[in-house]
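Each of the two complexes below includes subunit A, the first together with subunit B, the second together with subunit C.
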Partner chain A sequence: MAFLLTLDGERILDVDLIPGFLHRGFEKMMEYRRWDMDLVMSARICVEDPDHVELSYTHAMDQIFGVDPPERAKYARTIVAEFSRLASHLLWMMHFAGPVAARYATSWAIAAREEVLKWFDYVAGHRIYHHYIYPGGVRWNLPKDLKERTLQVLDRVEGLVRDMERGFFLHPVFQRRARDVGRLKASDAVRLGATGPVLRGSGVAHDIRKALKYDAYGMVDFEIPKGEYGDAYDRAMVRLREMYVSIGIIRQAVQQIPEEGPYRWRLPMALPPGEGVGRVESARGEFMTHIVSTTEKPGGRPLEPYRIKFRGPTMAHLTTVLKHIVHNEEITVADFPVVVGSLDPCPPDIDR
Partner chain B sequence: MKGADTGRRIEVEVEPSQLRERLRRALEEGYDHFIGINVVDYPRAGVMEVYYFVESVQRGGELLVVKLRVPRENPALDSVSDIYPLAEYQEIEAHEFFGLDFRGNGSLRKWILDENWEGPPPLRKDVDTRKFVLETYYGGQRYERPKQEKSLQEVVE
Partner chain C sequence: MEMVLKLLGLGFRYLLRRPYTRLYPYKEPPFTTERTRARHLLYMDRCIGCRACQLACPADAIKMYKIEGEWPKNRLKIFPGVDYSRCTYCGLCVEACPTSALVMTDYTMEHLITEDKSTTLYTPEMLAEPPKGEHRVTFTKDLLKPPPQPPPKKGGGG
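On to the complex of A and B.
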């Protein structure tokens, strides 16, 4: 992924996105593979936040199979998805602190993310791609000491995030660097298709978790952080507060999760015809998967979905939103990494 | 609906000629947030189904799906990029991968596939991308790792 900038001296007049070579042809490859293999591929679409892609794929599959996951699995999905959001926001902080010349903060973020990755290793057996969420529930049962261990991890992570807040987010140098850079009004954010922290940073309290109350989000209590001016600083602060919100959601979920009960319904291998739309609030914004399954298949095997479409949040942020910011504000070359960093792009969203 | 109800949606089917009018009315009704375009190719029936996903932020994320069918031979639609700005890029994607033509979208071009795909629109169902790549880029040979002249043991020694 690259940008083509049109410059006048230091000022950027226009920006064009050049999509790159990260992955290619996932949607086509998935049409040739079984639906359970596609799940494993789907996580690769966003490296930083894989569980939300899996979750949206799983929701679409659940609809095609007409299955409602067990209560225990709903909580497990919520916990894993929120940990994924934490890991993603911490990685974003690493990417963002570099361009604003706060190298010390990048190391803190990675140290905190390490705790989250270790937790994933403990629950799912993998650090980056977990394949834990599965149509019909979750793949493995949760460990017995989940509550104690998770609460310990959260305490450590929260301590590190509090340090980051004092040492980085509230630092006057960072405030001066990010305030009033890359402003986006609320009406424009909606019109241009922005989602997630970019939309909420502009003051629109729109969150799919709250709106659709999927999985266990209807059973936990949480607020939606939002910004005021819609500049890079507001977007950064929204992400910081979302980390606290995620920690709060996980704390409630591990207390409420049923101790006993099934964690997955066994599904048949053959995929019934049907259509499913899975929409989830990923770390970057709304992620949608649309799956169409028909009996009209060239090979005749009812195992592969007919068509899968993924809609990631990054395309809107790097095309319409970025263009709007550059056209309406005096953005210099030095500001550009701050603006792009505050939009938190995930290149494979576009290059899939 | 059973299962996770994130798929809750209102589906309407329109004729290709009514698309712009329907989406303009949707915008007035409060569906202000454009999500995306999906295309599904049905070579046996000779049609392509095009789905437009729009969402309403003010109505708590309500999803509207506008669905229509275009003939596969000459797939052309009116562009809606002046109603929803994000549609401009989604239309480019549909144009590249399915060969759809959007009248009124001035920026249709090779964008994601630029400089790395010289062939038919790859996501169409009758395009066998694997065969095409083997014939075009590998001269009909199976893609394999080059045979190693030395065994690993010899390399180590």
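On to the complex of A and C.
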């Protein structure tokens, strides 16, 4: 992913996205692999937030198989998805703090993310790609000491996030750097297809977790943070507040999760014909997976889906939204990293 | 001024903390847990040569190799070998194995780093040899056994 900027001195007049450097042809590759292999591959679509891609794929597959996951699995999915959001926002924090010269905040974000990655290793067996959320539930049972260990990790992460808030987000230099930069009105955000923190930063309190109440989100209390002015600072603050919201959701979920019970339904290997759509609120916005399974595929086996289509949030943010901001505001070269950083792009998601 | 003092205090607190980085490999081993998925271990006496692991591998990292010898359970005498330059450690091979012949240990990829590309291929004999360093068997099929309950039918699909 690269940007082609048209400049007049320091001012950016136009911006064009050049995608494709990370193109791996996921959607085509998945048509020739079994549905369980596709799940493992799907995590690679967004390196920073892999669990939401898995979750959206899993929801679509659950619909095709016609299963409702067990309650324990619903909570497990919610906990893992929120940890993934935390990890993603902390990595965004690192990317965002660097270009505005706050190197200390970068180190704190990485230290907090390390705690989250260790938690993933403890639950799922891997740090980055977890392959834990699975059609029909979750892949294996949660550890017995989940509650104590998770609460310990959350306490440490929350402490570091509070330090980041005091040391970076409320810092007057950062406020001056990000305030009134990259403004996006609520009506424009809706019109241009923005989702997630970019949309909420503009003041629209829309969240798929609240709208669809998938998995255990209907059983936990949480608020949707939103901004007021729609500038880079508001978008950053929405992400900061979302980290606290995620911590709150996980705390409730580990208290409410059933102690016993099944965590996964056994699914047949052959894929039944049908269609499924999975929509989830990923760290960057709405992530959607549409899967079509048919027995009429020429030369195909019933183990492979006929077609998989992903819709990630980043493409809209870096094309229509970014162009709109650059055309309607005096953005200089120095502001550009702040604007792009506040949109939290995920290049693998665009290129796929 | 107040803000500056607050930030200095915060900064000093971090200055006095223990460094977060692990002194790997000189003083500390790599971080692993009881579920870390890393190098495989092959029990050749259990393997029946069904190729389920090879068919399950999304990265095409597994190839079957013929090993001569007495293998009463494995008439074809074929066993899996893993190319670690391709393996993503997803564990689908362990899940697919009907006889639990393939398991994973927490002998992580840090130990498997090599400068010579030709050494990334682990033949069945190499996989059957337990890793030389400290390790534990972490990922077996037992972990994946789902309760034997049929999926409940839901009206109109999920």
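In this section, the second predicted complex is superposed on the first by the 350 of 352 C-alpha atoms of A that agree within 3 Å, B and C clash if a C-alpha of one lies under 4 Å from a C-alpha of the other, contacts with A are read in each partner's own complex, and residues count from 1 in each chain.
Following the convention adopted for this analysis, a residue touches a chain if its C-beta (ideal position, glycine included) is under 8 Å from a C-beta of that chain, and two chains touch if they have at least 3 such contacts.
The model shown is predicted, which means the values in this text are computed figures rather than measured ones.
When both complexes are overlaid on chain A, the residue A:276 reaches subunit B and subunit C alike. Residue contacts after overlaying the shared chain place A:215 against subunit B, while subunit C stays out of touching range. In the superposed model, A:67 makes contact with both subunit B and subunit C. When both complexes are overlaid on chain A, the residue A:59 reaches subunit B and subunit C alike. In the superposition on chain A, A:250 makes contact with neither subunit B nor subunit C.
In the overlay built on the shared chain, the residue A:161 is in contact with neither subunit B nor subunit C.
In the superposed pair of complexes, A:36 makes contact with subunit C only, with no contact to subunit B.
With the contact threshold set out at the top, residues 59, 62-63, 65-68, 276 of subunit A are in contact with subunit B in one structure and with subunit C in the other. On subunit A, the positions that touch subunit C within their shared complex are 33-34, 36-38, 40-41, 59, 62-68, 104, 107-108, 110-111, 114, 118, 121-126, 129, 131, 136-137, 139-141, 143, 163, 166-167, 171-172, 262-267, 274, 276. Across the complex, subunit A is touched by residues 3, 6-7, 10-11, 14, 20, 31-37, 56-58, 88-92, 138-139, 143-144, 146-154, 157-158 of subunit C.
Residue ranges on subunit A touching subunit B, taken from their complex, read 18-19, 21, 24-25, 27-28, 56, 58-60, 62-63, 65-69, 190-193, 195, 199, 204, 206, 208, 211-212, 214-215, 276-280, 286, 288, 290, 292, 296, 298, 306-307, 309, 311, 315-316, 319-320, 350-351.
Within the complex, the subunit B residues that touch subunit A are 1-9, 32-36, 38, 40-42, 44-45, 51, 53, 55, 57, 60-61, 63, 65, 84-86, 88-90, 111-112, 114, 116, 122-123, 125, 129.
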